[in-house]
Amino acid sequence: MKKVLFLSILVLVFAFSTGAWAGTGKDKCISCHQSVTPGVVAQWHNSAHSGAGVLCFSCHEADRDDPSGRNHNGFLITPIVTPKHCQGCHPQQVKEFRESMHDEAALFSLSSFEVVSGKEVEDNVTLGQTKNYKAQFSRESAEAGCLDCHGTVIEVAKDGTLVNWPNVGIGRMNPDGSVGSCSACHTRHSFSIAQARKPETCGQCHLGPDHPQREIYEESKHGNLVSANGDSFNWDDKNWGPEDIEAPTCATCHMSGFGGATKTTHNVSARLKWELEPMFSWPADAKYERGGEKYPIAAEIGARYEKIHNLPAGSLDSVGTGGPNPFAIAKDSAPEIYDRYVGPGKWWSKGDTRLDSFGGDALRSPDEKREDMIAVCTQCHVRSWAEGDLNKADATIDTYNAVALAIKKKYYDPIKAEKLDADIKFNGQSRVDTLWHEVWHHEGRIWRMGAFMQGQDWQHWQGAYEVADDGAEMADWLVNLRLRKMTREKLEKE
Amino acid sequence: MKKVLFLSILVLVFAFSTGAWAGTGKDKCISCHQSVTPGVVAQWHNSAHSGAGVLCFSCHEADRDDPSGRNHNGFLITPIVTPKHCQGCHPQQVKEFRESMHDEAALFSLSSFEVVSGKEVEDNVTLGQTKNYKAQFSRESAEAGCLDCHGTVIEVAKDGTLVNWPNVGIGRMNPDGSVGSCSACHTRHSFSIAQARKPETCGQCHLGPDHPQREIYEESKHGNLVSANGDSFNWDDKNWGPEDIEAPTCATCHMSGFGGATKTTHNVSARLKWELEPMFSWPADAKYERGGEKYPIAAEIGARYEKIHNLPAGSLDSVGTGGPNPFAIAKDSAPEIYDRYVGPGKWWSKGDTRLDSFGGDALRSPDEKREDMIAVCTQCHVRSWAEGDLNKADATIDTYNAVALAIKKKYYDPIKAEKLDADIKFNGQSRVDTLWHEVWHHEGRIWRMGAFMQGQDWQHWQGAYEVADDGAEMADWLVNLRLRKMTREKLEKE
Amino acid sequence: MKKVLFLSILVLVFAFSTGAWAGTGKDKCISCHQSVTPGVVAQWHNSAHSGAGVLCFSCHEADRDDPSGRNHNGFLITPIVTPKHCQGCHPQQVKEFRESMHDEAALFSLSSFEVVSGKEVEDNVTLGQTKNYKAQFSRESAEAGCLDCHGTVIEVAKDGTLVNWPNVGIGRMNPDGSVGSCSACHTRHSFSIAQARKPETCGQCHLGPDHPQREIYEESKHGNLVSANGDSFNWDDKNWGPEDIEAPTCATCHMSGFGGATKTTHNVSARLKWELEPMFSWPADAKYERGGEKYPIAAEIGARYEKIHNLPAGSLDSVGTGGPNPFAIAKDSAPEIYDRYVGPGKWWSKGDTRLDSFGGDALRSPDEKREDMIAVCTQCHVRSWAEGDLNKADATIDTYNAVALAIKKKYYDPIKAEKLDADIKFNGQSRVDTLWHEVWHHEGRIWRMGAFMQGQDWQHWQGAYEVADDGAEMADWLVNLRLRKMTREKLEKE
């Protein structure tokens, strides 16, 4: 019955719509694609775009100087719809996106530059602070893995073929000089606001051992309510508020104005007080982001772990800050691509520091960002509840920093300094390297993210517990490798 | 459309309700919180409580001697609604809850006592039989991890501030002398029966490597049907039966009367034949729960694994039983808290054995508990099917007990007895310790729980297979550590 | 309201139906089971079977020579409904199923033969090419694990009791001489087409560390859309097409005609270009399936990894093909069961090669199978998009083959040849064995499957990254075990 009604409406909409297209001559797209790719046409018919008269050519029309443009049955079209197209109707959203870290996603994967510049990924990739990624991550593997989320650099071959295509990674670097792919979240061709708001959408990329935000959220009470009762939520209300949904999704807390509590934003970096992804954590403040500045560990906590691990006083007083500067790496490894996107009048006007693509609310102080988040919380929780919960999470930061730093200083650094793992490497890295990498990049992130998103089992058993287990494994490596060295020296002499 | 209808009803309900409140003077809560925390008010409007005239103050009114009570705009309220409040209207449910293991959840986390008593968790925690938990589980980490599910001990500071708050852990120890938090499952403020019945609700705490009941259920045919067809189920019928749902959820099998098949209960321990969580498994019978009694391994199976692992005859004839007594540990580590909750007229009238909080149907014989479960199964399956499936699971118990005991006796015990891991500890435990811990606490539980809940891939690949893999790793540790010792002795002499 | 309507319809249907049954005398089943197993009856009432006059006895009537037949209140019935029953109304579906690999599922688990023949699983099982499965997989454990998906061999004891029952594994070997269990996917007793099409249904067996197709799909954009918007899909339309669903499920791509794009099939092997599950991958072509033939690694990629791992030129030029022949193993280990199902006029007319149960579209060339898949893709994607995405995945095959072969040749093979792990085995296998097993059977499959199903995080972090990590662990084992041997030789001499 529902189906019949839906189909009837579809037919009516179609009848009226084709009338409108007839005047523009652009109905040709539909009439042909209805049989060539009927799924796309059905999705579009169902979309707000369709109702608003946004036709195929409204978005797929290529600029005359877009290298990806091609004549398609008399129309100059491009298959690659970019933020340059979207901003025609959605300028504020694209502006905010450009000011967020999402816009730097391909830059941060770095390997995209290598891939495009023809260098082998396994020879060149330097990802993160550890140069740990020299393993088996070939171009072939990187394309189906990393770059599916981070975005590729799309090149246009001489014959018009698109290289590193298809791709809808959020930081995709487009032939028209823009960066980004709105359809990473706003899935073509229905572009449903409801779908973009659901946790599965963010969870396409934010999941897995390196950043299981999806899994953590699913464990939380918020995720429980959305999963159990979401069918009755009002997902489509453009300005949704606490009367529309019983519990928030990713989009609610990180992006939504939520019934006027704050302003809606596409800058996903705007409400994040902490850097939870790097080797150590620090407040998301320019002075730390640029690096060079130490971030202190609370004296009581540092002292506690110095005692536990028998480290000299002061060993655990602070952590280093600042990530790698992806602009600098790009400039060095693939200057011709760097030049295409960075410079006066280009997508990024400058690329001297890692903050150069950030802007707007992402540059507020950590406390202002926190306050913005609390504005959403307090639509359903009293302020003391929201603050209490966030304070509890804040308190895990120093503990994580101290424990991870203890593992590094007491075990990992000596192993590397004494070159004890020199003969057990596989394509450039030993199990000791991957173990340290997992301490911060996998279990350490889970510990920190789990605390902030109410994923208690993840926080503890896949986070804190696993870091401690890694610590035990690392303690054994140091003892074991030193004994091996001594054994070899003594017995091989004989 | 639905939304409009919903809003209209909301307006009507509101109009009538405010009339009712006007007489009591308690509408003041709503009129203010409508703007302060509109989400809470919207949820309440949508709840059965709202229809039944249960207002904010009905639950949030504090007893005069409740330390968490405070004057809030002229009302003596508490933010902490406890089973003492709920039992006014739901006495049977609270009684059953008190007789179940759920009510002991904070006791079983133990660390809550340490946290509150100001001792550092990492100095004191003794959780389970192995004293294995001395790692990096600081108070900060325990709060965002363990205690989010188990519950904190909430203290009231001299200035009225609540310590270890917010928390909705199921075994929360409340300032009013009660234990428990009904809203762990019946999420405030809509308290929807449908939501409480869905698997995601139990799955908030029952998931992850230590007890993945949620993941196992999702794999099962039962979970498959609920996930695929659940939209058409009748989730709200108070006395749901087999005509309402095509497949059961956690609540159906463990709590529901299911159309009169048995009696509905909030005692989640009432239908459990086996203890599946401890180091070894035994029938959930008082004689084993108290410990001291051995539980036999079937002779054929014990002999099989004695032969495989080259162990003396009789080595694998039985396992020890009985868990730690959380009351005793509480009494020892935090006597002032123990006294608050245990004693004549208090929440627990005595605390001499680990069974002292159990009661009612949790104290039936294992076979009676099984029979109660089968009453639910046979609403959809013939008895021989239900029995056949449970017998299949029963049969894995002896195999698990034998294999885990073999690992312990042949490898783990000798390593500990010879102190071979003394120099590879990280904060008090070695990788050998965490490995043994994972044998029973992670993969061994998955093996056992997977078998009982039709999660075949979990049972095998994340359970039985991983236990065997751990066994292989443990076999190597013994050989490796003995060789290290010999090497050190011989070479360091020189 | 919906419920009331539903119940009214139920009552009406029941009224009419009982009229119909009255004439056949078969309403006796319902009238009794309505109280004995009301859930089953409610499900059936809700089914298409009920509307079409398919009654209990229509399916549960036993052939006179079916050993599982028994007199049940005057009717000769069997509890085991098999493909022989289903093909009466669904001959094409059963034919296609018989031509697919699904029909060989129990054969491929092999252990079913052992279980039934009374041999201990741990003494006999040879699964895959590695003889790696000698661990703790007892009969008890295999029944609740492996065989729940693969299917048991059901025997009828002299007293009529069914052994290895209940079971609905897809390759179940039935007493009536047939193989298969349609209700593995078409869950009894509603047999809903919607449910069979949902990803959770395939995901009951296709999940977990050994083949996480479910988890990979959930990560993909396809899974995202189904999870977020699936409520609005038209799941019931028998001939569903791109206007019914916004994104495909497992069934869409692997089985559906999808609006006439291709022909619908129950042969799930019909559209698979590659073998992604064995130790190494090759095109799903008879010449490779039979084994003996080498499958080449692209010269550029082989050379790249020879250089990285310092292996002689040509070491990584090709991989072996062909899996074990389950028929041969069955014939050898359980001839009496083999004879029951294989031979002229039996379920499988011959059993000389591993392909003997395959047929129809499963025997097309790899390119024809790919083309069939692309026909589905192009209902929503242009051909260049679909091809581009599949080419990207194809490119990972050679990389995986080269890396896995490098690990085997450089590390695993020497360890085994030098018998370096002889003293660290647990029930016949060492951690070195389980590690190599995980390289190809767990992480290597995830790498390959992740690439083909757009599960980028799975492909990379749980696939490619973990294989590299395993490689580093394996590199250490070789160095470590050789040093141990040397140490023992030198020090024990003294």
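Chains: A, B and C, in written order; residue numbering restarts at 1 for each.
Note that in this section a residue touches a chain if its C-beta (ideal position, glycine included) is under 8 Å from a C-beta of that chain, and two chains touch if they have at least 3 such contacts.
Here the structure is a predicted model, which means the values were calculated and not measured.
If you draw each protein chain as a dot and join the dots that touch, every dot ends up joined to every other dot. Both subunit A and subunit C derive from one sequence, and where they touch, under half of the residue numbers involved are common to the two copies. Superposition of subunit A on subunit B using C-alpha atoms only gives a rotation of 120 degrees, nearest 5. Rounded to a whole number, the gap between the C-alpha centres of subunit A and subunit C is 34 angstrom.
Residue positions of subunit B touching 2 or more other chains, listed in rising order: 231, 487, 491.
Interface of subunit A with subunit B (complex): residues 218-221, 223-225, 227-229, 231, 234, 237, 241-243, 246, 259, 301, 304, 308-309, 378-382, 385, 388-389, 392-393, 395-396, 398-399, 403, 447, 450-451, 454, 456-465, 467-469, 471-476, 479-480, 483, 486-487, 490-491.
Against subunit B, in their complex, subunit C makes its touches with residues 3, 36-40, 42-43, 46, 79, 120, 122, 135-138, 140-149, 162, 165-166, 168, 187, 190, 192, 194-195, 198, 200-201, 203-205, 207-210, 231, 423-427, 429-431, 433-434, 484, 487-488, 491, 494.
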